[in-house]
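Look at the two complexes coming up: chain A is in both, with chain B in one and chain C in the other.
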Partner chain A sequence: MKLDWKGLGHYFFFGLVVLFMTSVALKAEPKQGPDVTYFKLENGLDVVVIPDRRAPVVTHMVWYRVGAADELPGVSGIAHFLEHLMFKGTEKIAPGEFSKIIARHGGEDNAFTSQDVTAYFQRVAKDKLPMVMEMEADRMANLKLLEKDVLTERDVILEERRSRIENSPSSILSEQLGASLYKNHPYGIPVIGWMHEMAVLNRQNALDHYNKYYAPNNAILVVAGDVSSDEVRTLAEKYYGPIAKGPELEPRKRQLEPPSVAPRRITHKDERAGKLTLQRLYLVPSYKSAPKGDSEALELLMKIAAEGTTSRLYKKLVIEDKLASSTGGGYSASGMEYGNLYLYAMPQSGVSIDKIEAAIDDVLADIVANGVSELELARARNSYIADYIYGNDSQSGLARRYGFALATGWSIQDIESYPTRLKAVTPEDIQQVAGKYLDLKASVTGVLQPILKQTAEVKGTQ
Partner chain B sequence: MKHFLRCKSYGERGLNLFFSKLFQMVFSPVLNRLVFGVILSLLLVTKSAHAMKVEKVTSPLGIEAWLVQESNVPLIAMQFSFKGGAAQDSTGKEGATYLLSGMLDEGAGDLTSTAFQEKIEELTVRMSFEASRDHFSGNFQTLSERKEEGFSLLKLALTKPRFDEDALDRVRKQILASLQFEANNPQNVATRAWFKSAYKDHVYGRPTKGTPESLNGLGREDLSDVYGKIFTREHLKIAVVGDISAKELGIILDDVFGGLPDKSGIKDIAEAAPVFGGAEVDMIEMGVPQSVIQFGHQAVKRADDDFIPAYILNYILGGGGFASRLMEEVREKRGLAYSIYSYLYPLEKSSLILGGMATKNSSVNEAMALIRSEFKRMSNEGPTAEEFQNAKNYLTGSYALRFDTSSKIASQLLWIQVEGLGVDYIEKRNDMINDVSLDQIKDVAKRLLDGDKLRFTIVGSPSQG
Partner chain C sequence: MKLDWKGLGHYFFFGLVVLFMTSVALKAEPKQGPDVTYFKLENGLDVVVIPDRRAPVVTHMVWYRVGAADELPGVSGIAHFLEHLMFKGTEKIAPGEFSKIIARHGGEDNAFTSQDVTAYFQRVAKDKLPMVMEMEADRMANLKLLEKDVLTERDVILEERRSRIENSPSSILSEQLGASLYKNHPYGIPVIGWMHEMAVLNRQNALDHYNKYYAPNNAILVVAGDVSSDEVRTLAEKYYGPIAKGPELEPRKRQLEPPSVAPRRITHKDERAGKLTLQRLYLVPSYKSAPKGDSEALELLMKIAAEGTTSRLYKKLVIEDKLASSTGGGYSASGMEYGNLYLYAMPQSGVSIDKIEAAIDDVLADIVANGVSELELARARNSYIADYIYGNDSQSGLARRYGFALATGWSIQDIESYPTRLKAVTPEDIQQVAGKYLDLKASVTGVLQPILKQTAEVKGTQ
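Showing the complex of A and B:
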């Protein structure tokens, strides 16, 4: 389990709800949420406008349809590294000035990279929208990198990797599980990159990635907040319109997985492990790649089986049998080619991993054999619909919801037709996908195992 | 806490997002919601065209809440706070208040734990509780269409918690498990050790979650005791944002909170007088490739006249992300860390300026020297006129960003009340920031900051670097 995620919750929240929230736009019912408009500039830039007039602020985001999984072999981490380097200046903006300019205009900015997307955003008072658009458009076309800035920033991402992965045994295990789940597809390579490859990334690697992928026809502009569609169109044409279209990119095509023939198992022993923990991943399709209806059923299956304190897993292992102190799970569905089902459990002291694993398998087998009830299904479905409505309260959350979906190949129509499909899921569908996808051959199970060590102690004052 | 213990792993639905920058919250476990609220409340800016009407609602029974009506989103957000937090725990009962924060949705009235959790889900309400050192707070949201049932459930949680042995034992074990992880997490170890070494035996020096020994000794009666002392109307503050009228809210306030006792049972805690000086460094060996550095010294309390200048000063020193000197020197110029930050941490009986970073073991000494010298430089020279103006521009200009969701507005309104600042605070705050002069801030810098008094805690293996 990630022990640092509490603080990151507000970020991950957006990410995590992106797809199912986009998905649950209630079509057959009175419209929930904003009136979203979409248009395209002549140079190919997609534009989405999400009105939210409650506060005089806007969220401005540019999404590129490129992520870590699009990297060339040998330069893992370059998508994320370039994302950092995008703050290093252009002809007009001096190195390191980008964020400072935003800040002294009362704004906040950041950027992030996932396997499939890279996105940049600013949150500013509405009258600053033209300024941030000009700046973002400028760095879409005119990035200027100095060798010394590249080298310094490389040290920064190496520290970032140490913070996120090397210093955390559970992250080390998660990274190993991911690498093992994918035998051929690039999702097995961590977004931040492998240390030995990150350590030799250079300016040219970054520029190659930039020149290939950063162009209006590979980007989506999302503006949410106190602004009209017409205003955004005028500004977008002024600032992004003049940028030349880039070369046509080939469809994003990553190498696919061979059939899964054997369960995999990883044990990571670490003196800093804290508590014995079990994690498991199953390779399954994503929203984007699943056969009709399967991803909706998987979503609800995992909600019923493993997510939260009302799940079958928690009720059985934690509350009734007291084998585990906590359990959890869910469906990671946002990838372009693959998703995964994930489970974790932390055994009570004295309970073995074998026993926990058998108990988990019993819970899953019961669903495969006997299905779920209408009541469980209704509760799970309601939960998602409520998440969607709560999500409408946040303009930056809305911007991410739409941006992420479009950047990973959804159309607005895909988004809006999802609720009907969600509502169509029956208990039989859930039982069917449980039988189809809860296949140990397509899984990897990880054990985080503490080993004895000398207790850390304060050595005193120097 | 619930989320921490029970939520998903793998970075939520497998979407691992890697950011260019971390904000300070991420690496500072002590920066709880209370503190964050306090800090943010300073960012409120005014003179904006944005007309947000805050109503003071007083219920028939005399319970007060601040309300912003908002009908565009079909939900209601309520946040409330009681005075008294982990600092109220008796000696040997450390962690009792934190444990209480995990027990309020573990069964109430006729509903046992599972039934209660299922009810939350069925009604699609959201409910969470947090214990900081000085306060106990609650965060509640309901869809407007379920508001009657939603608030009834909140009332049940607040007035009839069951504290079943079974649930108590489960939550205790979850906290014990989290302590075991934290004991191996260099950031958690550093924070805990820093507070211990700064505050020694004062209640602020104790871990809010308690220790394995204290947790194992806590029983139902301890929960009831803490609950009885803290859950009263005496220092109750409430903020509400959403699709609800003042009249309707008045009735709900009485229904949900009316049954609580009038008088708070919390005790006054002693003023904390940590001693800083002598350039202390606590070294804790841990076999990690990257050392965590925690640093800080005394600052000024929220009510101090110097607080706002100090707040601006901290923005320039280490609070302003890429606009701050620490980030410039440590990350931008030298690539020594992914993140470095500082922040003011005003408590009821003390106040700190705290900061943190993480760097490879071989860079620890260089990083510490830089932090010290930046504190000294700021103390000696103060900010430049340009830095000062930029800081004011950010702090005033970013006002509206704090008010763009119902929960954020509720959070602001709550902490303005907790700090006793008055409804007009929102309108006055920008002027208060703009009225600070460069001379004033230089004077505060000289008095407040002292590189020689910084206390450092290092967790890692710097000697292996």
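Showing the complex of A and C:
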């Protein structure tokens, strides 16, 4: 059981962390999908119920329509910090007890923060649903923050940043790439925050964020599992219904990017880096922001070009030319305003970064010039369907799919029609988006370069 | 006379625009300097009087302690836009009449916006001082903005951006370098604003900025010229005295930069670029933010290393090795939180960017390893003194020196002791700051690369 906060696995959706997420979100299909119901409570709480009768288990999630990209300037990390602090208790639940109670009843819980959402999750036996709902509703309205608990937890997030970013050369580079990809939009600021700003976050910052954003009219309740829509409605009315509406919030509006005019490049040399690595990001629209059809085509483009061992990149660089020991890539598309295409390659020893980069550019240029085949497209589509079916098998995957999409402004219709829209993609569409978005001007390329550890005589002991 | 707004010469302090400013600010010396007086009105207006009896002329400036770096997210350019709109009149002065009135009385006027300040300037015959004071005080309190004037002027600033940035490949690159140098601090956003944000600035944005920041307690009046402190006090009491205090403002506080961990590089290819050019910026402290002694040493370091034709860079790259047709550089230090060291070089035709860059790095590495000579330091100091004396000769230069420094948080003592502090710099100090700040991790390098214009057959007519 996860009783230790450090072990709770709070997720950060940023840079390569978000990049390497499998894209489970937003992949449902009307005929194969679950029979989802939706309703809204008087106080504005959106409720989504996803039936899944395979086992007497339920997944309960609350999503807040707020993430790191909604933070005020200078308080980076507050969305994630508050996510931690939500485990500090209320009048009814003592600090640190929340997860222990869930665990004692055989369940598990978790929470995560991204640029666009903050979400809380529990999976429990179906008869424990009223209990977790009562607990989650309680901390939506009655969070109690003691100064000393805030300070202790701040040490925890600082340590978390140290271990996840400062101790990881590839995360350092990813963070720099993200900061460079965005010149104006807050996605350039890491979800966990900049260390120097995290170090001075305080109780009042957390309360300001909580009071503004944590309210039923800014939240989505998703319940998936062995429960009917009517049962959920009755419970939701009972536990969430009495919570007062929060302030009316302005529509979420982040500053947009200026046009992309010049390629950027970042080299991070690090004694701790394992292998020479090339990474590249292209700024592109997200599912939510893309012109009609573009995100569907980008999804399949990146499957064909870069995802996995059947991709063009892998076949050319790893298998045929033996230039790289691994390659990969994909389309990170869940952001409200922007997504990115990402690529990476690790050269075989003795192969230069320039050579690997030229080889990647050749593979991409070939797609832009000559398109992809019907066969490749069919294979990518099938791979997508396989992912999709796998996604449907996972109760928590389904809850995440619906919750994330709704919290970032999609409708249930958008979610459910996505697979159908994806099936309509043609080879011409793929060639067209390749030409449109694989634009180096909109890219940042990163090189992670291992360097020899300097000896104590030269540099002094550290 | 400057009756056309486009001809008014509103300055932008950004990227290479700020970089190439001669550093007139902050160079006074106690013994040689003018006999400056300072007082404060009841409503909080700071007043500085700088006697200059050489001609019956006065320079009248009002400085507001607000610049582009104080803008809210998403409304970039509003500080500069309001600067334009301040010429749109009041109940007493019709739109567009302000400068015409000054001109009719034989004077001239101007205004400019930087990341940290917004300032308004008039130079007139001494008997016109009451008139300009009345006019400037009037628009501090009574600006009248008509919707149609706001919209017309917005077209003006959009055109200004087009002509200054979009039509200038080197400005495009400078803007990108600035955006990359800063990962968190608002200095990364151009003073003039991002086009897409400027395009939707409106009357209310301007009024919000005006009502918050334009008030006597957020302003500094500087009068230089043929006038006594007592005369200025009497006039200031009469014209500025009646203006009510504005809201108490929080101390100015911008989000600071995370540590610099990896060098960045930006390549801008442009058909309109004249010559292949290398530019580099290093993020360093400013006059205001530097640890004691560091900015003084950086100032002289950059004079020795990069400024002008006697610099090490010029002598090595242009004269000795004939690799470059020109080189330059300096220390841009006027920002409240950060400054930068800048370098540029244009290679001789046939010389690669890599070769030029290696040659620059060698020149800098030599200073880090071996320091500079007493002779070089003496020459740099003398050059500084020459600049300083020249600065004292200019009435408007003096007004700018004091106004800018006070508006960004210096005291008169700080300004006047700067030359003395600069004289205390030793060769060891210079070697020390060279080692400390010429750190590629804190740098961004830009390449401006001319490309052949593509023919109409290949690319289509544009």
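Convention: the second predicted complex is superposed on the first by the 422 of 462 C-alpha atoms of A that agree within 3 Å, B and C clash if a C-alpha of one lies under 4 Å from a C-alpha of the other, contacts with A are read in each partner's own complex, and residues count from 1 in each chain.
Quick note on the criterion: a contact is a pair of C-beta atoms (placed from the backbone, for glycine too) under 8 Å apart; a residue touches a chain by one contact, two chains touch by 3 or more.
Here the structure is a predicted model, which is why all the values come from computation and not from measurement.
Touch criterion met: A:Pro258 reaches chain C, while chain B stays clear of it. In the overlay built on the shared chain, the residue A:Met346 is in contact with chain B alone; chain C does not reach it. The partner of chain A that touches more of its residues, comparing chain B with chain C, is B. Contacts of A:Asn184 after superposition on the shared chain: chain C is touched, whereas chain B is not.
Judged by the touch definition given at the top, the superposed model places A:Thr267 against chain C, while chain B stays out of reach. Taken together, the two structures place no residue of chain A in contact with chain B in one case and with chain C in the other. By the touch criterion given at the top, residues 1-9, 11-13, 15-16, 18-19, 32, 52-57, 80, 83-84, 86-87, 96, 99-100, 103-108, 110-115, 123-125, 151-160, 162-164, 166-170, 174, 190-192, 225, 271-275, 279, 281, 307-310, 314-315, 318-319, 322, 325-335, 339-340, 342, 344, 346, 348, 379, 382-383, 385-386, 389-390, 392-396, 453, 456-462 of chain A touch chain B in their complex. Residue ranges of chain C in contact with chain A, taken from their complex: 73-74, 76, 172-173, 176, 179-180, 183-184, 186, 188-189, 194-197, 253-256, 258-259, 261-269. Chain contact summary for the complex, chain B toward chain A: residues 2-21, 25-29, 45, 48-50, 52, 70, 72-75, 77, 113-114, 117-118, 121-122, 124, 126, 141, 143, 166, 170, 173-174, 176-178, 180-187, 189, 193, 197, 280-290, 292, 320-323, 328, 331-339, 358-360, 389-390, 393-394, 396-401, 403-407, 459.
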